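Multiple structures are listed underneath, in structure tokens.
Both of the next two complexes hold chain A, though its partner changes from chain B to chain C.
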Partner chain A sequence: MRKPRGDVFTALNFLVMGVGCAARGQVAKGLLLLAGQASYIFFLLSFGLRYLSEFLTLGNNEQYTVWNEELQINQVITGDNSMLILLFGILTVAVTILFVYVYIINIRFGFKALQMKNEGQPLPTFREDLKTLWNDKYHLVLLTLPTLGLLILTVLPLIFMISMAFTNFDRDHQPPGKLFTWVGFENFKEILWSNPRKSQTFLSVLGWTLIWAVSATTTCYFGGMALALLINRKGVRFKKMWRAFFAITIAVPQFVSLLLMRQFLNDNGTLNNMLLNLELIEAPIRFLTSDLARVTVIVVNLWVGVPYTLLITTGILMNIPADLYESARIDGASPFVMFRKITLPYMLFVTAPYLITQFAGNINAFNVIFLLTNGNPRSIEYYQAGKTDLLITWLYRQTVDEQDFKLASTIGIIIFFIIGTLSLISFNLFASKKREDEFS
Partner chain B sequence: MKKQNIGTPAYHLTFRTRAFNFISHVALTVLSVIWLFPVFWLLLNSFREESGAYTSYFLPKGLTFQNYINLFTNTGLYDFPLWFMNTLIVAIFSCLITTMFVLMTSYVFSRLRFPARRPMMNIMLVLGMFPGFMSMVAVYHVLKLMNLTQTLTGLVIVYSAGAALSYYIAKGFFDTIPRALDEAATIDGASKNTVFWRITLPMSRPIITFTLLSSFIAPWVDFIFVSVLMKGKADKFTVALGLRQMIERETVSAYFTQFCAGAVVVSIPLVILFLMTQKHYVGGITGGATKG
Partner chain C sequence: MKKLIALTLAALMLLAFMAGCATSSDSPPPGGGNASPGSASPGGAPGEVIDLLVWGPQEGQAFLQKAIEEFQAANPGTTYNFTLGVVGEDMAQTRLSEDPEAGADVFSFVDDGLRNLVNAGMLYEVTRNADDIKSRNVESSVDIVTLDGKLWAYPQTADNGYFFFYDKSVISEEDVKSLDGIIAASNAAGKKFTYPIGVAWVTASWFLAQGQLSLVDGQQVCDFNNANGVAAVEAMQAMVNSGAWGNGWVDELVEGIGTTHSGGVGGIWMVADISAKLGDNFGATKLPTAKIGGKEVQLSSFFGCKHVGVNSQTKNPVAAMEFADFLTSEAMQLLNFEMRGMGPSNKNAGASAEVQADIALAALALQSNYAVSQRDVLGGYWSPVEALGNMIINNEVTNIQAALDEVVAQITEAN
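Showing the complex of A and B:
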């Protein structure tokens, strides 16, 4: 189709948004677009430009103290706040990108309206436009709020944190007292090779994180599914009761049960005291403070995770069409063959995304480690880390205890790269891409 | 003659089945005991008369209800009733918003087709893998900009704003609902909006329950976000943060039994909710829907 020749309104539409639409009779649409442009300009002038101009240096004026002769006190002269400059700078860039997107839409709307008018078609009224939202463009209605929430409270903060990995923001460079600035890839170099202590710690912690994630995910998944199948067995009575027993453990908040477990398994905790009293052991078993801790956390995690898998798989197991089993039985398939050929493929198909989430969740299994061992036993070879520390708890310690934000964000980005690629590959490989329409 | 031969393996099979059933029940009993053990220990401790965190015995020496009474009346140092109400309010609002967001997002990705669909799904998948509290410092500043730090509203926003990221489970569920149902409704003149509210949602009780439940639990168990957001503002604490404060090293021996009582009280609404919604997990819902 040939692009229609524009008139003066088309040209004006590049300058003043909404003119293109309004000139062809779509007044309400035009006014909305114009309002968008006006609010963007207002935002830029009143807020955005100030931060954008200092974005490259993250501020030049450091806070300092000066003796005030009149009042006879030391007076603090506030300088630039690097953190706010960074955060609001990113916000301004984000809003600008959004604006550019709306601007492009505006141009497209303008051309479309002109084209339809030239061809003598009736332009959709504002009401008709709104109506398509309930049908063909229904995704816009449903996705707007969730996406907005994501953008403001997940994406924006995330970009902020990512940028921190490229600055020297740590305990010695803390706003508002001090400035921090861009340092490029310095932090990544340090953690990967140039600082031996940090890079060695990183490799060890990474190794343990992967071992932990694989064992935690598989034990919980297959344990939970086995339990679900066991309860679903035809001959088993009181199915509801068994499920309720396990469900109750979910209802107990995780931090409560984990803190209890810690008290119970402690070096001088109840279990050790009891075993000592019974003279079964001579010295307390150091469940949480020796190398044994790595086994302990996996076992305790099994206790935490199995009921969840049970809960999720039970419903899905019952959604497997019964006729599949019936025809298999008629063909003389054994229960094991039925499990391998029907149950497992179906389960993997439906729960693949869940499994991947679980795996990613386990890499970031903060609660279990933090509450149970807090990363201990500490190791002197490690840089501020312990034997059961996952990357995520190491990151947490850098943020909260050491206030080494640059290291924390660097770790965070590396975590992200590892699981991001891993999950994307597996998600696109064995989950929904080609087959998502198949099973229905 | 031949008839008897057929009968024997059948009898044999029932014996085997019976043996398996017996073993199943034994196994389930053992597993239940293991899984319920910490819960049982928690209950016992909450009724324990003598204080102290580390005992050398399992059964308490004396039983009392005093821990619970102290929890609700002795509010000078730790105001448990207030924390409980805070958490309840936050949990109700955030679970409603979260569930709506999750259902909306997963319905879109399961049923509607538009150009940005796959990129968006991948981006969300990747976003969900970033550790949430890694960006907590930034979230704090964003909320401060909106004047929402140290408020329960801020907490609700923090818990529910990212809900769309956990769309996969519900989407997996929607994918198993026969598409023929949607098509039938569309032929009858239903819009996408009607299909969503009148057909998909009513058939999705198990997944709605699951989402409601898991998002209702979140505020009760999280203490990272709440500790950053409510720093030093004890009257806006949630139970998790408050209870954890009770067993700090300095107060653990005096308050451990009271902590257990608090933990029991927190668990009660969650347990009740569970027993109420259990039936939605059981029983397939799509079986035979297209036939009728």
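Showing the complex of A and C:
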């Protein structure tokens, strides 16, 4: 298609939005575009420009006080608030991007109108445009609102949090009294290599997080499967009752069971007191406050998580064709070989996505650790972290106890990359196995 | 028609999101951070309704309610609109730093947060009626909230410390004077006592006893990675392995005392529970002496106060200050003692007969002779020392000197 030559209105359309449309007769559309431009300019002047101009430094004026003789107080004059500048700065940038998008659309509209006019086609009226939106392009209308909501309520806050990782926002740079500013990749450098204390802790905590995630996932998975197999065995009576027993535990909220477990396993808890009274032990076993805590959390997690796997696997186990086992038995396969060659591959095939989500979930298993041990026992080998701290609970401690928001945000971004990478890799591994004929 | 319904549903979904967010922050913070002196009238015009948000702990709500009623009765000329929020004294600093502009105008807090609050510019300097406040409260409680010669908060209590609770039927008044006596008495009765060295606040008592957390230029100097510090750790190890020592803090002591426990270190907030359990056998006194480095040394402690502060971002500084002043007055401190057992920082209130007769407050007063203010403790102190305490409990500290070096390095690093 030949590009039409523009006239004065086409040129003017670059400056004043909507002229391109209005000049060809689409007045209402042009006015709408113009209103869009006007409101953006108004937004910029009344609100956005101030935050945008301070966005690079995140504020220059600190809060100060002036003596007010009349009131006899040292009146506080608020200064710049770096946090608000960051937040509203990001908002302004987002609105600007939106505006640029509309601007490009405006130019496209202008050209389109010119083109159609040159070719002698009738231009769609505003009413016709609306009709198209209501009929052919209804999906656009329907999706606009949810998308807008997602952007404002999810994406913008996310960007805000992520940006904190590139600032020095911590206890010593806290609004409203103090300003914070951009530091680039300094925090990532510190946590990954340049600050041995932090990077050492990061590596140790990461190591434990992975050990925890792998053991928590596998123990729950195989524990649940073993239990399901046991109940499914021929000759076991009252199968439904056993299953119901385990299902009932799900009715108790997880955090309640965890808190009860903590009470139960405390140094002075029920279990220890019982053992002491029976004179089986001399001193309380420190389930939650010594290095043993790492084992304890995995075992308790197994106890909490097994019913879920039990329910999931029971259904799948019943679906494995019985003739597979029959022919295996005729061939003289032992129960273990049958499990290894028939049950396990079948289970893994069906539950692979479940396993991966469980693994990713366990990396961020905040509840179990926080409610059971709160990351304790602390150790001075770690920087503000404990032996059972996962990356996610370490992050929590940094924000709530230490007000080290920059470090917390950095850890958060790193967790995202770790989970993202591991999930991608494992999904691909399992996807490559998606050949149904292996099972028949 | 279907399309219209779908569109309405989409709009409703967005509205629901928005509404969900709107209710979580009850007052939208006024935008802008630019200097605007005199934009609001800090004094408050006559006839105007003054909004004040006040934070206090759950168990202090009744007290606050009563104080507010009396404050309003005492100021009939002004209309106040008080809102109460439940935020414990220990959490006030954290909650305030989340969003100072949405925070309380007047709040109670524990003084270890003072330096952070002042650094972050979150406290209004106390200037109105300052001389009276300084003179009516005990000196130590005023000192704690004075930084660089400026008064930053209103002393409310002078009881935030720890001392030793004991069961008189197990530990005699003579035994309780020394750690060895407590250990011997507890072992003889087959009971445990608690001394929570896994709690950094309490662990400090051993280092403080050795004079290791000294102040220079108003800042904590952290140098207990020396021979004295090593001796303190060795003494703690000896206690942990004495056979009578039991791990635990509030819950363990409150639940165990009278049955499995002979005594333990605790604070004023446990008095009600413990005295109810022990009845006539209820005893409380200063911390014992302990053998550190071959000498018998009196164990020290942190002394703290609870204070009322005024948020620097408040719209009504004068009204907020007047209320804070009233809340910490002699009458209100006595009321706080009657309703919650809080030890007053007010001189007259402290001298009253009821307060003098209180066993626990007397123990605290005795201990305060050996106590050190926790105001100047470095912010990074708590986490590493708690870690060290836990390692001592687990008998994991073999090279004490190296461990202390690491602790000091971490404390310094975090600041």
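The criterion applied here is as follows: the second predicted complex is superposed on the first by the 259 of 440 C-alpha atoms of A that agree within 3 Å, B and C clash if a C-alpha of one lies under 4 Å from a C-alpha of the other, contacts with A are read in each partner's own complex, and residues count from 1 in each chain.
Here, a residue touches a chain if its C-beta (ideal position, glycine included) is under 8 Å from a C-beta of that chain, and two chains touch if they have at least 3 such contacts.
Just so it is clear, the structure is predicted and the values come from calculations on it, not from any experiment.
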Quick one: is A:P146 in contact with chain B, with chain C, with both, or with neither? Answer first, second, both or neither. both
Touching A:Q174 in the superposition: chain B (first), chain C (second), both, neither? second
I'd like to know which partner A:M274 touches here: chain B for first, chain C for second, both or neither. first
If we overlay the two complexes on their shared chain A, which of chain B and chain C does A:S46 touch? Say first, second, both or neither. neither
Contacts of A:Q72 with chain B and chain C, given as first, second, both or neither: second
Could you say whether A:Q121 touches chain B, chain C, both of them, or neither, answering first, second, both or neither? neither
Please name the chain, chain B or chain C, that touches the greater number of residues in chain A. B
Look at A:K239 in the shared chain and tell me whether it touches chain B only, chain C only, both, or neither; answer first, second, both or neither. first
Given the touch rule stated above, what does A:L227 touch, chain B (first), chain C (second), both, or neither? first
Please identify the positions on chain A that touch both chain B and chain C, taking each partner from its own complex. 84, 134, 138, 141-142, 145-146, 149, 153, 266, 268, 273
Please output the residues of chain A touching chain B within their complex, sorted ascending. 83-84, 87, 134-136, 138-139, 141-143, 145-147, 149-150, 152-158, 160-161, 227, 230-231, 233, 235-237, 239-240, 242-257, 259-261, 263-264, 266, 268-270, 273-274, 276-277, 303, 306-307, 311-312, 314-316, 318-322, 350-354, 356-357, 360, 364, 366-367, 392, 395-396, 399, 405, 408-409, 412, 415-416, 419-420, 423-424, 427-428, 432, 436-437, 439-440
So in the complex, the part of chain A that touches chain C is made up of which residues? 47, 50, 59, 61-63, 65-66, 68, 70-81, 84-85, 88, 134, 138, 141-142, 145-146, 148-149, 153, 171-172, 174-178, 197, 266-268, 273, 284, 286, 289-291, 376-384, 386, 400-403
Complex contacts: residues of chain C adjacent to chain A: 3, 6-7, 10-11, 13-14, 17-18, 21, 31-37, 42-43, 94, 97, 100-101, 116, 118-122, 124-125, 127-128, 198, 246-248, 251-252, 255-256, 260, 312-313, 317-318, 321, 379, 382-384, 386-388, 390-391, 393-394, 396, 403, 406-407, 409-410, 413-415
In their shared complex, chain A is touched by residues of chain B numbered 17-18, 20-21, 24-25, 27-28, 31-32, 34-36, 38-39, 41-42, 53-58, 101, 104-105, 107-108, 112, 114, 117, 120, 122, 124-131, 133-139, 141-142, 157-158, 160-166, 168-169, 171-173, 175-180, 191-193, 196, 206, 210, 217, 220-221, 223-224, 240, 243-244, 247, 256, 260, 263, 266-267, 270-271, 273-275, 278-279, 281-287
